[in-house]
Structures are given as C-alpha cells and as structure tokens.
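Listed next: structures, encoded as structure tokens.
Presented sequentially are two complexes of subunit A, the first with subunit B as partner and the second with subunit C.
Take a look at the complex of A and B:
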C-alpha cells in the first residue's frame, strides 16, 4: 500500500479533479492519495467524483479554507 | 460487506494539524460592520440599503451552497455528475415563477413592466458570446458570481481573474455599440408572453426546464450508472 500526495494548492477547479483522475489511473488497488486543495469548489467535486467511482473518501479540514481529501483506490 | 464506512489507513507522514484560530469574533465584527454600512446606506437611499442586504445574502448563499454556474455546465462533460446542473435548473424554475409574478403584477396594474431592458435580441451573437464566455469561465475557474465569491474567500487566482474581468468588461463596453448596431440588432427580440400569453410563457419555460432536468438526470445515470 503506497501513499501519494497531490499538491493542488492554489489551483482552481476543475484542475484538482483532473489531476486526481490522472493520479487514480496510475495507482494500484489499495493505494491512497491525499489531495491537498484550497479551492472551495474542488472541495465539492473531487469527493463527489471519487464517491461516484466507489472509492473510499475522507475529508479533513487542515486549516481554515484548506482541505485534504483522502481517497483510497478500492477497485 | 460487514462495515459500510471504513476508515482509510494513513501513514504517519502527514503534517500535524495546525491549531485553528476561532473565526467567530472576526465574523461578529464583520456582521456589525455590515449593519453599520447598511444603516449608513439607508440614510442615503433605501434602495441602496436594499441592494446591500440582497447582495450580502446572495453572496452568503452562494458561498455556503458551493453553487457554481461554471460547474453546472462543466461537470457533466468532465465527470458526468449533474447534481449542480440540476440545482441550477431548479433555481431557474423558481426564478421563472418569481420574475413572471413581479412582471405580471406591474402589467395588470397598467404600470410599465420592470426589467424590460433585459429583453435583448436572440441570434448568432448569443451563441458566439456564450461560447466565448463559457471558455473563459472554465479557464478562469469561475463565472462572474463565482469569481466574486472566491475573491471574498481569499482565493488569490480569482483576484487576478477579477482584475482582467474588469479590464475585459471595460474594453467590451467601450465598443459594444459597434457590435450592437452592426450585428446584434439584426436578430429578433423575443419576449415569451408576447407570443404565448403570460400563462403560456410560464408553462412553456417550465416545461423546457423539466425536460432539461430529466435529460440531466438521465445523463448522470448513463455516465456514472448511479
């Protein structure tokens, strides 16, 4: 099980989502990616996309207006 | 599956949580300031104060709901999700009923209908403008309202967007007359109640919205299977 970090600070959506999609393709089942975002819109569509794909998702507000979306590739 | 919610295991590499400063005193301060500005504006003109209140409320709802016109048109293509699209359609439906009620109220009382200056010609210019604006808003990461809302959130990239949004609007406004005379005014103006009656116009517009809503729902099912 590997863990990746995706730095999407300062990037407006849809960039964080597209980067996450690309990253998920590269990863193997069981790997985890931590997407760091500070764009409120990406806070909505990244978790929504991942849940729709059936991945495990957790959201952590690390600071005011800064989030970490943790996605585990389950399939 | 015995356990639906599974916690994801994470290695210890993550940064320790920074202690968060409470934003409540700041929020109360801003609220107080807004009330003072509102009172000051109401002394000048009650209309200004009303704009201030409506504007503030609109911004608050926009931020809290993560409502985004850009996402409503972009997400169906990128992710197949149409939840924001459907939210926008519902907003349009409510807006249709509300705006028609206001306009009809003026109409039956024999008063000039407000907002008629927004009934503008529909034609190729509408489509070209839509494509230009759509491309711009996806690249810039927000439409007009979204950009303003994110500037308020403190997102630096959108502050840059706002600067060029203003620059672009000024340039556009400067030679809008040329386009209006040569291209836009050749297309017909369409005010639905003139063609279908007040009731017919509302029904027609709501029907179109319902069709779009169903299409959006089907699109998501097809794309995501859920």
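Take a look at the complex of A and C:
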C-alpha cells in the first residue's frame, strides 16, 4: 500500500492523462496515486479514464483551478 | 454575505451549469445551435483563424505598412473587410466573444488561475506550434473551425479531407509529444 504523488501542474492535455497511465502501470494493486492538475480538461479525462479502467477515483478541488485526482489501483 | 456565496456554490443548478464540465453531447448540441445563429446573423459560416490574419493586417497597417498589394488581401471582399475596420468585422466580434466568454466561464466556475511555465521547452513548443498552425491554416484557407467544422456542415468534401489530414497530424503530434514531453 504505497502512496505516490504525480505533479502535473502547468501541464496541458493530454500530458496529465499520459503520465497517469504510465504511473498506473508501474504501481501494484492497492497502491494510490495523487495526480495534481491545474488544467480543467485533465479534471475530466483523467477521472474518466480511471473509472473506465475500474479504479476507485476521488476528485478534490484544492484551490481555484487546482485539483487532486486520487486514484486507487484496485486490480 | 460569505454564507450566501457558499450557498450559491452548493446550489445544484450552479454546479451543473457553471462548475462541472458539460458532456461532449451537450457541447456538440450547443455548438450546432450557436453556429446556426452565427450564420444567420453574420451571413458567414463560423471561422476563427482568418480573422487573426486580418488582425495581423490591421496591426501592420497601424504601424505604417500596407497590404494592398498582397495577393492574400487582393480580393474585393478582403479589401472591404479591411477598410470597414477592426470593430465592424463580425469575425472580430466572434473572436473577442470567444476570448472574453472563456474568461467569464472560468471566473463563474471560480477556476481562474495564472499557470506557471514549467520549462523552456513548453514555450518553444507553444511558439513553434502556433506558427505551424497559423501558417497551415492560411495555406488550407481555414483552421479546424473554418475548414473542418464549417466545411463539413456545409456538406463540402473539403471538410472531410481536412478532417482526415487532422487525424494524420494528430497522430504525428502525439508521437512528438511522447518523445519530447514524457
């Protein structure tokens, strides 16, 4: 049960999604990654992709225009 | 006063309209309706990049240059647009509408933020990308709005050719993105 942070601040689509996909491949089942984003379209496509994969997803709006997408690798 | 804003922030209609992103279908339906309104009111299909070319010409003329002899601006229509001036051009209005509308949308959602530039390569990619896009859009007589979106809805074959080329370009672009930014 490890926790990772992926800093995608200041990065435009589709980079946050591509980096998240790559990070998830490296992780074990049960691990959690916190993806930090400030690009509103990543707030849509990163959670959408993760939910389609069947992972647990939570979105936290940490500040104006800043989000943390918390993804748990469930399988 | 603060509690009022908090109450509005939690209101389900506010969240649905201003805060959460629209679905792709909602966006497509809105675009379809609004482009009809634009065509009906201005007489031209929606375009974006052609107007920027005119903005460039106006800036050049304001600095003392002249584009009268340039082939691109040699048609009567192009000369009329330039002579009517910046503020009388429907394209100028729709482009300003996009810029200020986008600002309004991000302010209404309380998501406005100055984003940090992370690396010099972001600047280089943005400038290079902008130049290639602008140059390509003029060669193709339109961008993904004027040539693709407005082309296809005018039942023009050129819109589909543009769309197929967009796919090829996006494929190459994503390979470059992986190479330089991952």
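Everything below uses one rule, namely that the second predicted complex is superposed on the first by the 75 of 75 C-alpha atoms of A that agree within 3 Å, B and C clash if a C-alpha of one lies under 4 Å from a C-alpha of the other, contacts with A are read in each partner's own complex, and residues count from 1 in each chain.
In the analysis below, a residue touches a chain if its C-beta (ideal position, glycine included) is under 8 Å from a C-beta of that chain, and two chains touch if they have at least 3 such contacts.
Nothing here was measured: the structure is a model prediction, and the numbers come from that model.
When the two complexes are overlaid on subunit A, subunit B and subunit C occupy overlapping space and clash.
By the touch criterion defined above, A:40 lies against subunit B and subunit C together after alignment on the C-alpha atoms of chain A. Between subunit B and subunit C, it is B that contacts the larger number of residues in subunit A. Legend: residue contacts after superposition of the two complexes on their common chain; A:72 is shown touching subunit B, with no touch to subunit C.
In the overlay built on the shared chain, the residue A:29 is in contact with neither subunit B nor subunit C.
Look at A:64: by the touch rule set out above, it reaches both subunit B and subunit C.
When the two complexes are overlaid on their common chain A, residue A:17 makes contact with subunit B while staying clear of subunit C. In the superposition on chain A, A:9 contacts subunit C only, with no contact to subunit B. Across the superposed pair, subunit B and subunit C both touch subunit A at residues 10-11, 14-15, 18, 38-41, 43-44, 63-65. By the touch criterion given at the top, residues 1, 3, 5, 10-15, 17-18, 32, 34, 38-41, 43-45, 48-49, 52, 56, 58, 62-65, 68, 70-72 of subunit A touch subunit B in their complex. By the touch criterion stated above, subunit A contacts subunit C in their complex at residues 9-11, 14-15, 18-19, 22, 38-41, 43-44, 63-66. Taken together, the subunit C residues at the contact with subunit A in this complex read 21, 106, 109-113, 115-118, 122, 174, 177-178, 181-182.
By the touch criterion given at the top, residues 6-11, 13-15, 17-18, 20-21, 23, 63, 66, 68, 70-71, 74-75, 78-81, 83, 138, 140-142, 146, 150, 153-158, 224, 226 of subunit B touch subunit A in their complex.
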